[in-house]
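Here the chain labels run A, B, C and D in written order, and each chain numbers its own residues starting at 1.
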Amino acid sequence: MHNTSVKSPLLRVRHLSTEFVMPVDQRVARALEDVSFDVYPGQTIGLVGESGCGKTTTLMSVMRLLPANARLSGQVFFKDTDLLTLNEKSMRSYRWKELAIVFQGAMNALNPVMRVGEQIREAITLHKLMDREQAETRVGELLEMVGIPKERGAQYPFQYSGGMRQRAMIAMALACSPSLLFADEPTTALDVMVQAQVLELLKKIQQDFGLAIVIVTHDLGVVAELCDTVVVMYGGKVAEYGPVDMIYNAPQHPYTQRLLESFPDLARSDPSEALASIPGTPPRLTELPPGCRFEPRCYVRLEKCKFEAPPLLEVNDNHFAACHLCKGAEARF
Amino acid sequence: MSRRDLLIRKLLLSLVTMFVVVAINFVLFRILPGDPVRAVIGRNVKISAEVQQSLREQFGLDKPVFPDQFFSTLGQWARGNLGVSWSLRKPVAEILVAKLWNTLLLIGLGQILSIFLGVVLGLFAGWKRKTALDVGALTFSLIAWATPTFWLGIILLAAGSSWLGLPTRGIVSPENVGKPLYTVIPDLMAHLFLPTLTLSILYLGEYMLIMRSSILEVLSEDYILTAKAKGMSHWQVLWKHALKNAMLPIVTIVALNLGFTVSGAIYIETVFSYDGLGKLFQTALTKQDYPLLQGAFLLLAVSVILANMLADILYTYLDPRVKAS
Amino acid sequence: MQESWLLFKRNLADFWKTFRHNRMGLMGAFLVLTAILLAIFAPLVTTTSPNEIIRDANGRGLTFAPPFVHGPLGTDDAGHDVWAQLAFGARISLTVGFLAGFIAMFVGSLLGILAGYFGGWLDNLIMRITDVLLVIPDLPLMLVLVAAIRQLNLQISPLTVLILVIGLLYWTSTARLVRSQVLTIKERQFVARARAIGAGHIHIIRNHILPQIMPLIVANTVLILSTAILIESGLAFLGLGDPTQPSWGTMLNFAFDRNAISNNAWWFYLPPGLAIVWVSLGCVLLGNVLEEMLNPRLTGHHLEGEARVVKITGEEAAHAQHLG
Amino acid sequence: MKKTLWFVFLLFALLVAACGGGTATQPAAGENPAPTGENPTPTLEVSAEPIVLHVGWLGFPDTLNPAYAFLTESYTMFDFVYSTLTTQNPQGEYVGLLAEERSVSEDGLTWTYKLRQGIKWHNGEDLTSEQVAWNINAFIQNQDGWVTNSGYITGFVEARAVDASTVEIKLEYPISNMDYRVSFLYIVYPPDFESFATPEDLQNFTNFSPVGSGPFKITTLDKDQRIIILETNADYFGGRAKIDQVIYQTFDNSDALVQALKVGDIDMTNEVPDSAFAAVQTFENVETISRQGLSLTELIINSAPADHDPAPTRNPALEDPQVRLAIASAINKQDLVDVVLQGNGKPGVNIIPPVMGGGFWYNSNIQDVAFNLDEGNRILEEAGYVKGADGIRAKGEVRLELRLQYPSDSSTYPRVADMIANWLSEIGVKATPEAVDPDSLVVATNPNADYDLVIWGWGADPDPDFMLSVMTSEQYVEGGWSDSGYSNSEYDQLYLDQQQVIDRVERQKIVWKMQELLFRDKPYIILYYGNDLEAYRSDKFTNFLDSPLGIASFQSLMQVEPVK
């Protein structure tokens, strides 16, 4: 684990809230509320939770890639700049050069009618990092680095296998040597062998370049393998946040506990032995309960959980949880 | 599937379609009532039974419809011989060719204008969804779509001729008849303006709607988000990533739309007294001129089939997913 | 059964909740409904029969009388009340449009389900037929068909001929749409399950497939209605309507044949055209909205402006900064 | 991509530019000098711009071969291009045209025509008496070929050139209306017509660049764009027209025609649609003429003899004279005139229009059946037709349900049918209107006798003979003129008589008697006589000849001159 106390954080997310105004009936869906966490240089953070809990929204909010019906508030400091205060034009210069992203389902993340190499080169020349010729050489290097023969840069995405496409995406993400890489479910929809390759690749990159990675996943196995810090999200809020071993070994939030229980044992080889799923469904973002969002599904709920949302408290050193059952030291954020 | 296989498949399909069209064409026109010999002669004629018989023989109408008439007709069509028009007493092919260019000119101009404007407008409308531009363009398109062609044509005819003094009939002024068209372009354009405008307005709506939904679909694809995440401006994303993807379906749809275009031409040519295939078709119908009607129908249907085939071929060149492998 | 049908009903309720907020959809519904009401209540909203000749003081037919001479919409070339013609014409136009639309829907859905569900040679055959129909220019084909059927002396009324020809030519898009939908539904689990427990084809189609594709069929039918009404007006304009039962297209046919334009009788040639635009626009709006609601893919895209950043107060900002 | 876009831009720019340009070039009429060929008098050579008269019409000639032309548009052109031995003058009298003098022998069997001197063909050759005789003999000997002339030469034996300027026609029997008949025999240029071996070859000859001797010659005939350009024949024996060119252009849309007149794209038309006439009257600088003419519109009732082959397929009730009477009493002819013709016409009674021969031939003693729906109902009630629950009368098995057909090329008849159907429904008769294309309608009426009621019209000749011939049983054969199938031996005999009675008053009696028979039997119910409706730009041209010949007749165009 990296020593987080020495360096200053690369990314500080503070009280980030995101709402979507539904186009049809103007109802407001509160996708994120009061999300805070830090990313230090060279660190790998995992964002976990069920689908719809706000993991991807967090990444999109930070990169400001959300559609027009989204409303953001809070702060997102990259180094010392609050990204949320930038205008669109200055924001563009941060994208890819500082913050790159690998989307989930690389199937559609590459333009089907453009050569892969061309799509990577485009990212480099767009930010005027080098001239065209140099960029082409660089594309070759990048492809080789992710294990794709550079000649195949002249091919189109449909000529690639799923794993190759994901690797090409990673190569593209590295094109401008960003200091922070977001990976949104990088292994979903890939078969097991390929998943392992991609994870291996991410690990290698992390080691070679020392960049910080934020991985969004619902696969706790991936988290255990790659991450040093975990952010567990539920219903648009951070439920628990802390070092990976703390979370795995001493989960504080009932949701985290359930999540870990529901996840098949890593040793268990047959994934078809179903997840012991948590009864109930996540709350609808348009009809959030006033108190703790997990209250309706919680098995240890208190009376006040219904009315009072628990704050995110530091239960241990760098380990935070948002539960009325947890006796925390203080609210750090 | 490789491009070659795909093309062969399309070609076969086109051939089958063409055969069906030919068969329908033949059958349909044979069941049309009326005595064709009478139709040649007209109302006010005394004509002996012998002359009538000789006319029947001349047109091959004395033989059984199937197989004799069917196969002899088929063979002739294959050789480009569409028979002789009963009412105009000229080879059908010759008549059609003369009118074809006029219709191509009209439809071509209308199509080019409306495709260009429709694509541009649809692109912006889809991109700037729900803005005033989009609502305006969408409203225009939907109204254009809902407007009967002939009605719009007549209103424009009335307005254009009274307010702008534009000519109301034909392709060129009588003085310019017989001159090569390129020498009388101003006159030609004055005549083409109203019919082209009518056609353009109608197709424009169609193409705008198609382009709008096409671009909407493309813009919600993940690779657009990737491009945006790369730090590209909206313009760059639109131009470099969205446009080509959105244009691909347009190629196919433009070809498929030709049938619709032909229908439009029938109304427009009727309203503006424009001598093209559309009006010829209608005239042939009222005169029960089977060979002419058959020829016109065949020409229209085959052009649409060919245009579709062409679009398919074009598509294989534009879309790399078909091109390679 | 009826689980799927119940689901369908509940979806309908949900649907109405969303639809209520869609301005375009409401507008479309308004346009279509007003036209239907006009058709139904035609005798109540008019004071003369559409075939009555309005006369001047001397008993002569009052032709081309503008609205301020004879209200509310003046008279046509034969001295008929244009408003009465319009109201009663709605009956014919809508009847032809609706019946033709429903025939198209029925044939299209049936063939689409057959093709999608059974596949194989049947699918191939049906799809090739649609391919052929798709490329044959429709208007010429219809002109010839209507003329031919008319003159075969089959004792079918002209309107029935129109309805049949339009209905039997415009089912291709429905068939394709339904087929592709059926193809995806067929692969879903509940169908496989139903098949596994030995449910018959008809049972599966009725109880599992039909409820799923129903909304789609409805949306598509509404769109076809507008086409049918437009086509009817076009054929009537070209003189293939029934002069004794004037539709809006027939009115326009009369208007143009009888020189309404030269007479500046805008009250004669504008209203029927506007009425056609009114209804077919209504159907298009409605159909598009329905389709969009079924196909939510089109509700947003990635270049749609920027997310709004809501500034938080300075105090809070300072607080956050301090903590960070 | 970029290239395509540029191309599109260019085209668009071109179109926009052209539209601006197009409006500017509107007075295009004078821009192009006429083909100069044999340009005539010195005064006209001084004025650089030829005087062009633009005429708009709604049809186009089917052929310019007089042997086989059926459309009136063809005959309009024949009048300009060809000449006949006699012609009608504006007062309705027959005068010589090619013939200077004409005389008939005592026995009425020999007609002698003395030709004018110095008549030339358009190509400069002399027109000779042999050529005239060749024409008449060709018509007589090749009736299968010269189909359209055959009615006019019945009873002709032969023609002979007596000398260089005299032609003689021998007849089988005296003919009462020789001048009228001869006025329809266009004298064509023999070299153009000599070479055809068979009648079909002759008829297939379209003759689109005819050589004639008339006051105008055709320089351009574009069948695709349907434009005919005629140039004045400077050497015409009747003098030179005051205009240089006449341009005929065809409009498919009558509103477009009216619009063209309004904005001055055309200078005159003799086909103002009845429903637009009132509007045209209000146009600035446009003069209109509404004149009673020779046209009539009738309701044909299937009257084919029961033993006709094929057997008539009609509602048997139509054979009942009372039903015919009831139908006649249920038609408001004045309403038809007021509404359909917008007042430009007269209710019809007889098959002979009232203006023919200045009213001489029209039987004014006949009192028409009055419009009276009650009377119609009473007649049917008395005849045993009882109203059913659906409002349709029936007698036994016979229900009064009738087809009401009309030719699809008319813009007036749908309205007529619509109104008649409404009236008939008031007396318990259900009539179903149906547009049928004209050629099919020809076959349906004759010889198939497969119809009930048909609305149709005739343009009568100036002489009663033709209209009367239409109702003879001899004409009810395939290709004949009869469409009602009317068959009455008394009528047939009267028809033959009137052809041969030279005395005009005697002939009048027979003609009147024939009209009485027709009125009694009602094979036709004559609906109305529509006026000839004409209009011209009075700011551009003047001195049109306002006569029954029409302002578009060659006599009229000979005297038209531009407004100074």
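For the reader, a short list of remarks on this structure follows.
Just so it is clear, contacts are C-beta pairs under 8 Å (C-beta built on N, C-alpha and C of every residue); 3 or more make two chains touch, one makes a residue touch a chain.
Every value quoted in this text rests on a predicted model; they were computed, and no experiment measured them.
The chains touching subunit A as well as subunit D are B, C. In terms of their C-alpha centroids, the spacing between subunit C and subunit D amounts to 46 Å. Chain geometry summary: the mean Cα position of subunit A and that of subunit B are 53 Å apart. Here the spacing of subunit B and subunit D, counted between their Cα centres, is 37 Å. Under the contact definition stated at the top, the residues of subunit A that touch 2 or more other chains are 65. Contact with two or more other chains is made by residues 33-34, 154, 157-158, 221, 225, 228, 270 of subunit B. Within subunit D, the positions touching two or more other chains are listed as 253, 255, 259, 408, 437, 440. If you check each pair of chains against the touch rule, the ones that pass are A-B, A-C, B-C, B-D, C-D. By the touch criterion stated above, subunit C contacts subunit D in their complex at residues 51, 53, 60-61, 63-64, 77-79, 147, 150-151, 158, 239, 242-244, 253-254, 256-259, 261-264.
Interface of subunit D with subunit C (complex): residues 253-255, 258-259, 273, 275-276, 278-280, 335, 338-340, 342-343, 408, 411, 414-415, 417-419, 421-422, 432-437, 440. Subunit B contributes residues 13, 16-17, 20-21, 24, 28-29, 31-34, 126-127, 129, 142-143, 145-151, 154-155, 157-158, 213, 216-217, 219-221, 224-225, 228, 234, 237-238, 242, 256, 258-260, 262-263, 266-267, 270, 281-282, 285, 293, 296-297, 300-301, 304-305, 308 to its touches with subunit C in the complex. Those residues of subunit A that touch subunit C in the shared complex are 12, 14-15, 18, 23-26, 61, 64-75, 77, 84-85, 88, 332-333. Residue ranges of subunit A in contact with subunit B, taken from their complex: 63, 65, 89, 92-97, 100-101, 103, 105, 107-114, 122-123, 126-127, 155-156, 158-159, 169, 172.
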